[in-house]
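The same subunit A turns up in both complexes below, where it pairs with subunit B and then with subunit C.
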Partner chain A sequence: MVKKIERDRIQDIAAALMEKGTLYAPVEDEEGVNFHPVDDAARVTLDFYNTVQGPKCAFFPQSDELVRYRMTHEGPEAVEVLPDESPQILFGVRPCDVRSLAIMDELFCGGGVVDPYWKNRRDNTTIIAYAFDIVDPVDFYGSFDIGAAEETGADILMVGVGGEFLLDARTEKGTALLAALDGFDDAAEGDKKRFAAAVKKAGALETRRIDTDGVDRDLMDIFDSDFWQREAAPCLNCGVCTFVCPTCHCFDINDETLFGEGRRVKTWDSCMFTDFTLHASGHNPRTKKNQRLRQRVNHKFSYYVTNFDVISCVGCGRCTRFCPVNIDIAGVVERARKRAASERTE
Partner chain B sequence: MKNPYMPMPVTIETIITEVDTDDIKTFRVVFDHEEDAAAFQYLPGQFAEMSLYGTGESPIGIASSPTDDGYLEFTVQKAGMVTSNLHDSDEGRTIGLRGPLGNTWPLEYLEGKNVVVVGGGFAFTTLRSLTRYMLNDGNRQRFKKITVIYGARTPGLLIYKDELAAWEKRDDVDTHITVDQGDDTWQGREGFVPTICTEVAPSSDNAVAVICGPPIMIRFTLPVFFDLGFSKENIYTSLEMRMKCGFGKCGRCNVGSKYVCKDGPVFSLAELDDLTPEY
Partner chain C sequence: MKGIEKRLREEAKILLDAGTVSVVLAFRDGHNEYCPVPFAARDVSDVDAIVFNEYCTHNLARYVTEYDPGTKIAIAAKGADSRALVVLIQEEKVKRDDLVILGIPCAGMKDARRGTVIDETTTGGTLNPVIYDILLADPLPETDTSPYGVLADLESQGHDARWGFWQREMSRCIRCYACRNACPLCYCDPCFVDQNAPRWADKSPSLASNLMFHLTRFYHLAGRCVDCGDCSRACPMNIPLYLFHKKVAKECEEMFGQVAGMDPEGKPVMVDFKVDDSDEILI
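On to the complex of A and B.
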């Protein structure tokens, strides 16, 4: 079922979606464009290449309440903050970012214990993907067989064609949502062809590619190499790579108390920070920045592969784009592989 | 779906100050709700997150044995914010508990074998759980000879003193207690743990060594056991790491692809050899 709407009526789409649940959509903020829960449809924009941060905030907010508590003379009174089960719509996600959610599912829903905060939101969210129509040179999602108009993981795929957006459902959930939206024109036969042509055209877009076959073993081979000192030399440990990353999932658990009342929150954390692994004893297994950069790259390209059989990177290019000292993870991986190969021949 | 982040309320029943420096205390806790007690099925080697609202959580090894009915014990060194707050507790305080977490000492593998338990200083808590478990009447015949070698810097720093004295009187466990330096009242052995291990020289025949202690003790004790013929497959230890969630999601306690919270804390030396040297 293809539906269409004029580009300048984007706020009408947003308003219609807001009636169906909490809408997470791209909104201009002080950083650029980012996903936010929308309370004003007029603020929703599709005028961006990609959002500054990945879309993980719709399932794993930067600060997520787990428990609310109150101190009393008899001890603390704690109330569980139940994981949200209300319907959500995530609108305008680029295809590589859609893939990131399936990668995060492996961690949050697998490995024995299920994280109910992530899973409930995932189960209750309808995803509207938004195809790329150009390629930024830092992106490398093609390395992971993700197309610019990839539909895997999306409930609805949206493409911009001329003065219009065309939307086509890809799952039952997507079909149900699309059918229930008012104010959209049903597409004519010609529009379906335009949709298919736009998807095909986007599919032909090529990002740069890195060869990832066997990268997990290569990274283990050079674990002790001085390679990492050189690669990490410019790193400032600012952590921006981990905060904009759609697949970085590390978090802290903190208690915030004021006047005897408080909340326990799960907050984003970063392996780039030295206190991330600091023991109470003072011991710290990762005191050096080369150890921390190695951890981030190895986690994504080796440890995650060992544990979940998938690379925890979608080639969205954000960490490269926002790194203040131009560390490019794709380049790091390529050089690591060359180093591993040269050590093998020595 | 059970919420793994939600602590269960427990009440501190008794607090025992273990050492003369006052910075190691054992907390005996009981569950406030029977269903929580029933759900908390653990084995020696596992740990739990002790949870203090307003301060935070800290992963602590379980020092009691599952054969101890109706309570749990945690021996805690005062180190950071949570453990300091815990040390300031009075008996009767309600705190939170999440767990049991992590894997266990290799109990099935230990069955029918001689077990050598080696501990140093404060790192004797889950070893105490294991020893209590093996010495329990219902379990004792599952294990062959049990040897315990335990040391601390001074007599005042030995933990579980009464229990050690009781083990020394038993004839079904070979107990060797040592201190680096004795005092006027100390009648027992003096010497570092590795030295005592050399003197005791437990046979490696059908035997497994389970070793916990400060890194310096481990470093000098391992060669003793290699010389006695213990293979890396037959030496086990338990790792510590900074943790938050305790079930492999928060990402900070990894050693290579393994998470100490869920793949450990117990590892054999052979398993550790396969990991990255980052702990």
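On to the complex of A and C.
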């Protein structure tokens, strides 16, 4: 089912979606365009290349309440904050970011322990993907066989063609949402052809590529190499890369208490931070920045592959774009592979 | 800039070859020409990889405190970098004798991500190194534009409007700590905000916890911040941190006649006392 709407009616799209559930959509702010829960349809925009941060906030907010508690004269009182069951719509997600969700599903609701907060939101969210029509030279999602108009994981795929957006449902959930939306026109036969042509054209877009075949083993081969000292020398150990990343998912659990009242929260953490691996004893097994940079690269390109048979990177290019000192993860991986190859021949 | 790059390579080669220093802090090419990467050249064979162009904006003094005391370090230092080195010398984080400062007078540096030219609106606008051992280009005439001019708009607003402005800006912080980690003078180990017993600020970003972090950092840098602007350039959320730092620097200058990082023999204003110091801040 293909539907269409004029580009300049983006606010009408947002307003229609807001009636169907909590809307997470790209919103223009001082930092650029970023995903936010939308309370004002007028602020939604599709005028961006990609958002500052990935869309993980819709499923894994930076701070997620698990328990509320307070001290009373009768003793402590605690109330569990149950996962939200209400419907959500995630709108305007680039195809590489859509893939990031399936990658994190492996951890949060795959074969092992299920995180009900993540799973409920995933089950209750309808995803409207938004195809790229140009390529930034920093992106490398093509390395992971993700197309610029990839539909995998999307409930609805949207493309911009001329003065219009064309939307086509790809799942039952997507069909149900699209059928229930007001203000959209049914597509004519010509529109369906234009949709197919746009998807085909976007499919021909090429990003830069890195060869990832066997990268997990290569990285283990150079684990103790001085390669990491050199690569990490410029690293500031700030958390920008991990906080803009659509697949970084490490978290901390903290009690945030004020005057005998508080909440237990799950917050984003970062392998770049000094307290990330700090033990209660005071010992920290990962005190140096080369160890921290290695952890981030290895977690994505080696450990995650060992655990879940998939690389935990989608090549969105955000960490490269936003790194204050211009560290490019694709370059690090390529140089690591070269180093591993040269060590093998020695 | 090409001339500076050539001179930088020449001096780095001489210093490393003679063993005068064990590391030269400079830049190398990144994934494209707009994205140079801070680079620690350790061997003569590294020297050809050194680059310098208008995108080499990072304050390399940030890296000096990572080395063991006594390490002989050569550093490519622009105006603000040299001022940060002065503060590090004043605070005995590094000895002047352990540094070979390769001074770089430069103007018109560019912020690649924002597509802007860096000037005294977002930095102190120091064009020439204030200390150096070797100057790699002729000194530039310093501009007479005040680095505090940009504050006029905010200063003309009332209390509620200014508080509203900072509430909006501070609420947007995602606590990635890029500002702190890019800062050459944020060398506390551990930073108070990373301590968890007690935890001084909640890990969840909120106006309250973000203010706890930023206000503490702003005031810890009072009289020390050299207005290099690296914190604001590092910020992925485009929070204009420089405005607060500039305001505090202006107060220090007006009240105590002190500009941070100008004199290695001087003291940062907060650890200095003179009987005729202003008592305006006392109630």
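Here is the rule we go by: the second predicted complex is superposed on the first by the 343 of 346 C-alpha atoms of A that agree within 3 Å, B and C clash if a C-alpha of one lies under 4 Å from a C-alpha of the other, contacts with A are read in each partner's own complex, and residues count from 1 in each chain.
Methods note: contacts are C-beta pairs under 8 Å (C-beta built on N, C-alpha and C of every residue); 3 or more make two chains touch, one makes a residue touch a chain.
Keep in mind it's a predicted model, so treat the numbers as computed, not measured.
Chemist: Here subunit A is shared; do subunit B and subunit C fit on it together or clash?
Modeler: Fit - subunit B and subunit C, as placed by superposing on subunit A, sit side by side.
Chemist: Using the superposition on chain A described above, determine whether A:R321 touches subunit B (first), subunit C (second), both, or neither.
Modeler: Second partner only, subunit C.
Chemist: Touch check for A:N254: first (subunit B), second (subunit C), both, or neither?
Modeler: So A:N254 meets both subunit B and subunit C here.
Chemist: Touching A:V138, do we find subunit B (first), subunit C (second), both, or neither?
Modeler: second
Chemist: Using the touch definition from the top, say if A:T171 reaches subunit B (first), subunit C (second), both or neither.
Modeler: Touch status of A:T171: no partner.
Chemist: Does the superposition put A:T152 against subunit B (first), subunit C (second), both, or neither?
Modeler: neither
Chemist: Decide which partner touches more residues of subunit A, taking subunit B and subunit C as the two options.
Modeler: Of subunit B and subunit C, more residues of subunit A lie in contact with B.
Chemist: Closest Cα approach between subunit B and subunit C after superposing, in Å?
Modeler: Superposition on chain A places subunit B and subunit C at a least C-alpha distance of 5 Å.
Chemist: Report, in rising order, the residues of subunit A that make contact with subunit B in one complex and with subunit C in the other.
Modeler: Overlap of subunit B and subunit C footprints on subunit A: residues 252, 254, 269, 278.
Chemist: Where on subunit B does subunit A make contact in their complex?
Modeler: It is residues 1, 3-7, 9, 53-58, 79-80, 83, 93-94, 96, 240-242, 244-245, 247-257, 262, 276-279 of subunit B that touch subunit A.
Chemist: Quick one: which bits of subunit C touch subunit A in the complex? Just the residue numbers, please.
Modeler: Touch list, subunit C to subunit A: 30-32, 35-40, 58, 62-63, 113, 169, 172, 174-178, 180-182, 189-191, 194-196, 199, 202-206, 230, 233-234, 236-239.
Chemist: List the residues on subunit A that touch subunit B in their complex, please.
Modeler: Residues in contact with subunit B: 66-67, 69, 71, 74-76, 78, 80, 82-83, 107-108, 111-117, 119-120, 220, 223-224, 249-255, 257, 262, 264, 266, 269, 271, 276-281, 285-286, 291, 295, 298-299, 302-304, 306-307.
Chemist: Subunit C touches which residues of subunit A in the complex?
Modeler: Against subunit C, subunit A makes touches at 29-32, 52-53, 62-63, 137-138, 233-234, 236-240, 242-244, 252, 254, 256, 265, 267, 269-270, 273-275, 278, 320-322, 324-328, 330-331.
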